[in-house]
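Two complexes are shown next, each including subunit A; its partner changes from subunit B in the first to subunit C in the second.
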Partner chain A sequence: MRGVWQLVRIALRNVVRNRRRSAITLVALGMAVCVLVFLRGAVNGLQAVLKERVIYGQTGVVQIHKRGFIANVKKSPLHFGFPAGPAMLAKVRAVEGVQAVTPRVAFATMVSVKDTTLFALGLGIDPVLEYDVCPQRRNDLSPGSTVSGGAADGLGVTTPELRDQLALKRGDELTLLAPDFDGTLNGGLVGVGGFLADNPAFSADKKLIFVPLAAAQALVRLDEQATELAVRSADPDAADALKQRLEAALGPGFEVHTWRELAKFAVDALSTQEKALGFVTGIFALVALFGILNTMLMIVLARTKEIGTMMAVGVRRRSILGLVVSEAAILGGLGAILGGALGVCAVLLAAKVGLSIKPPGATLPDIVRPFVSLAFVARAVIGAMIGAAIAAVYPAYRASRMTPIEALGAL
Partner chain B sequence: MSIIKLQGIKKEYDLGKTKVIALKGVDLEVQKGEFTVVMGPSGSGKTTLLNIIGCLDRQTSGRYDLEDKEVVGKDFDDLAAIRNEKIGFIFQMFNLIPVLDVIENIEFPCLVRQVPEAKAKLRARATQLAEDVGLGPYLHHKPDELSGGQRQRVAIARALATQPVLVLADEPTANLDSKTSDQIIDLMVHLNKDKGVTFLFSTHDPRVMKHARRVVRIADGKIVEGTLEEHERAAHA
Partner chain C sequence: MLMLQTLLSLAVALSPEEHLKRYDALMGPEKFEAVMVMVAHRDDDTTRTYQMKILKLGDDKVRIWFNAPASAKGQEMLRQGDNLWMYMPNIKKAVRLASRDNFQGGDFNNADVLRANLTKDFSVKLKDGAPPAGQVILDCAAKTPDASYDRIILWLDEKTSMPLKGEYYAASGKLLRSATFSDVKDFHGFKRPSRISMRNELATKRFSELAFVDYNLKVDPPPTKFVLDDLGR
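Up next is the complex of A and B:
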């Protein structure tokens, strides 16, 4: 055992002795680990923003629908209205983990102002409860905009697209014409209470109008009803458990879906990001490993005679192998620790400053605050160390397969 | 007891198209406690012979007994163990490990053993050896902080550290000036006399021979044994 320690000590001293070469290797490897840690941090931050926007800006943690709703997306949601009065809301609130619940009515409508008419998607939201479940919605409104009032005096907001196409101003009066569940066309009036600053993050539809719940219920004749209930809980990652509890509490007449199931687009974006990061990581790892392999080949070449001396005095093949591999592992470990530390610093700094990133299609940038888990940093460091050791196996093997004469004969 | 017994040792180097016959049947016996110089011109086969005796290389044919036991074609690690336990090496270029200091270089062959001896005991012995070769004040110097002669003293102490049955030295003075050479030879002669260490070393420097008790002359891959006088005459001829 002491023999092994002796060789590791020599490896360690070799790293110190060849300062320049070690420094170059350390910097290269350190940079790779640093960039990877920072990228991970940035992607973490980006994903957190994305999740936040989806969960607290649109879907809630889970949603409750009447059974069959998701399977029949092509049908009008109005076929799936269900009573959503205080009794129903109380029943949902009583389920463990539920922090808030809000009813919504989704509907298709014609929007007319003066002599222009457009098709749009409408969403009736409760002017108070909605923000308990999706507080981010407030941020989506441009300053001073509001969804408020009841069936008669409702104020709604529209997307910028709808505003531009209909040349809307705040205070305008809109006529909504919508068919209800049995096809009867109903009309209603709603005032323009303002506009969304931006399109909601993951909506394919650009023409949206948000109106007070009561106005929507009156328009499509679903009094005291909703087409969906959005639910908030403390931990979005525990959405599956909440879903099961809600389904058990509500019985077979309802179905519950988590934000992951609802916001496929967001989930796809998350997994695309993961794949891209994985790819970049792979490239970095490959380049770094090739660098280590090359360095170790040079080291072995430069120290052939020393290896020959070791062989002459009785060092075994395995130990020569171990010597070269441990030198690479030390280099790799040191580089990775330095790079990891630097990466963490960069992440912390970026988190403090905040990175301004504009998602495609948005007009307002998101402030991304990178973060990274210590477990990830530890994995990166250990991975780099093991990777460096593996990359050194071939040079080490070559060194150990020399005969003592060959090795000693080298100049 | 004979330490080394070589019978009909041949060594061929296969260079693909041609073959170089470096040793053409060498018979040689070295007794315990001898101080033997292998002498011969460049290319005569001295290094080849010492490599085989040192188990760094294997003969093409012939029989080699080390301490009355035949050294048979064993694998790398077996030969490494024989080298470590039975043979000390002194090289022309000193061949110290650059990152280890004097005392660590001396201890090194003992530390790479499967079962190294107790640390304190080894340190005491290595320190004594360093003093024996005159390096008492330099225990913690690195090789690049030492002169050539001092480096070779470290190598000698290292060769003795494992208490080998035989110390091999291939032209140990070739890289030293004549004064330092004399000191190194003196040191080896003393170690031979005082401690009974068996030395076998090669040189093509006739000056060295005045210290030798026994001279083995090698020419063109063959041994010609003779007295010192004969060799001096041959050298002056």
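Up next is the complex of A and C:
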């Protein structure tokens, strides 16, 4: 133990002795770790925005459907309508972990104004309950827009694409023509209560109309029924446990799906981001370790005489190897601590200011607030130390294989 | 006998255009009134029955009144030239439809029922290859974007030009629907197939049957029945 401590002391002295070379190595390693920590923070922030948009803007934490809904994607969702009155909602609310539940009716419709008729996807939402489950939906509305009213006096909102193609303005009256659950066409009138904000970042459905639930139920003749219930819980990461509790409470007639199962595109996006970050991390680690390798080779070369002298006075080869490796580990550790601290500062600053990032397909940027866990920073520091030590094994081996006569004679 | 042979040879010598004109005269005469029943067979083996009355005047004026089921009662359809309208009694409004939209959620499209004259919308030639004995196969290609399909292949009786079956294709060449024409009936001296079965080739368990209960050519519909303002009256 005493020998190891002595080795570390000598290694530390060596780091301090050649300040310039050590400083350059520390800065290089520190920058690499700093960038990695910041990137991790930015990706964390971006993923949080994506998850929030999906969970609190579209799917809820889990959704309840009549059994067979997901497996029969080609069928009209109206084939899977089920009673969703107060009794059903109360039954769902009684399940542990459920904070809020809202009924929805999804349907295909023709939207007509004057002589123009377009196909669109419709979603009937409860004008009050919907925002308890998906509060982000409010942010998706352009200022002053509202989904409100009932079957006779409903106001709906459309996507900007539908607005532009039908030349809609607030207050217009839309005629909806949709097949009911039985395939027979039915008509309905809905006022234009506004439009979705021009930010279709995570909505693939460009022609979309939201109408009050009662208006949708009347249009498709599904009174007091829904095609899905969206549920909110306190912890989206515990969606699987909530799914099991809901399935047990509702019985075999229903199926429950988590947001991860419903929003495959979001899960794919998260996975792609992780892979990209992993690739960048690998590149940074490789460059940093080659830097350490180079530095340690130079150090060994510069200290050939010194190593020869140490060997001449009886220092063992194993100790020489340990000395070089320790020196690299200390350099790696110091650089990583420095870089990690700088990275955390950068993440905190960016979180305070907010990064404006425009996801692909979006017309408006999202404000991303990066964050990083201390565990990740600790892993980065320990990883850098171990990596630096591994990178120094070859130079250390070369140093330990010198003979005193060769080493002393090299100068 | 000689006269009969001459007549037969004349029939055989009909051009594809002449066959198509005879098809149009059978399937969409200048003016008629008919009572139809459409049964839509769904994927889940359930059926839905629609009863309607259809009135036609000239090449491009058609009106339909739905009488059943109760959910469709009072609904009307109107074709005026290239425009199609659906009148919904519950909102007292007419909505413009496309020719290729489904006819009341069944497996016919609107044009199959309201735009049955093919000569105006399609150029025609004989299909390559030998047809079955006593039949002629017409290959019809759409010449207007309002045509019901991009391509139709029709099997007709060589002598009468009565349709036997049809295949209806998208621009991509994909088979969308296929039809069989059967049960030739004499409606007040006018013979035509009284039953058309249309199979949805994209959802092969689905098909719809359109049966003509009555078909009367001796009508004189007033043009005022074919204007938007008359819908719902």
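Here, the second predicted complex is superposed on the first by the 408 of 411 C-alpha atoms of A that agree within 3 Å, B and C clash if a C-alpha of one lies under 4 Å from a C-alpha of the other, contacts with A are read in each partner's own complex, and residues count from 1 in each chain.
Operating definition for what follows: a contact is a pair of C-beta atoms (placed from the backbone, for glycine too) under 8 Å apart; a residue touches a chain by one contact, two chains touch by 3 or more.
Predicted model, so just to flag it, every value in this text is computed and none were measured.
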Which of subunit B and subunit C A:Lys305 touches, first, second, both or neither: first
Touching partner for A:Pro86 - first (subunit B), second (subunit C), both, neither: neither
Contacts of A:Gly251 with subunit B and subunit C, given as first, second, both or neither: neither
Partner chain(s) touched by A:Pro143 [first = subunit B, second = subunit C, both, neither]: neither
Partner chain(s) touched by A:Thr403 [first = subunit B, second = subunit C, both, neither]: first
First, second, both or neither for A:Thr117, with subunit B first and subunit C second: second
Greater residue coverage of subunit A in the superposed arrangement, subunit B or subunit C: B
Subunit B versus subunit C as contact partner of A:Ile10, first or second or both or neither: first
First, second, both or neither for A:Thr184, with subunit B first and subunit C second: second
Subunit B and subunit C contact sites that coincide on subunit A, given as residue numbers: none
For the subunit A and subunit C complex, residues of the former touching the latter: 74-75, 79, 110, 112, 115-117, 175, 177, 179-180, 182-189, 221
For the subunit B and subunit A complex, residues of the former touching the latter: 51, 54, 56-57, 76-77, 80-81, 83-85, 89, 91, 93, 95-100, 108-109, 111-114, 116, 119, 158, 162
Subunit A residues within the subunit B interface of the complex: 2-3, 6-7, 10, 13-14, 16-17, 305-306, 308-319, 403-405, 408
Subunit C to subunit A touching residues, read off their complex: 40, 42-44, 48, 50, 69, 71-72, 75, 86, 88, 90-91, 93, 95-98, 101, 104-106, 203
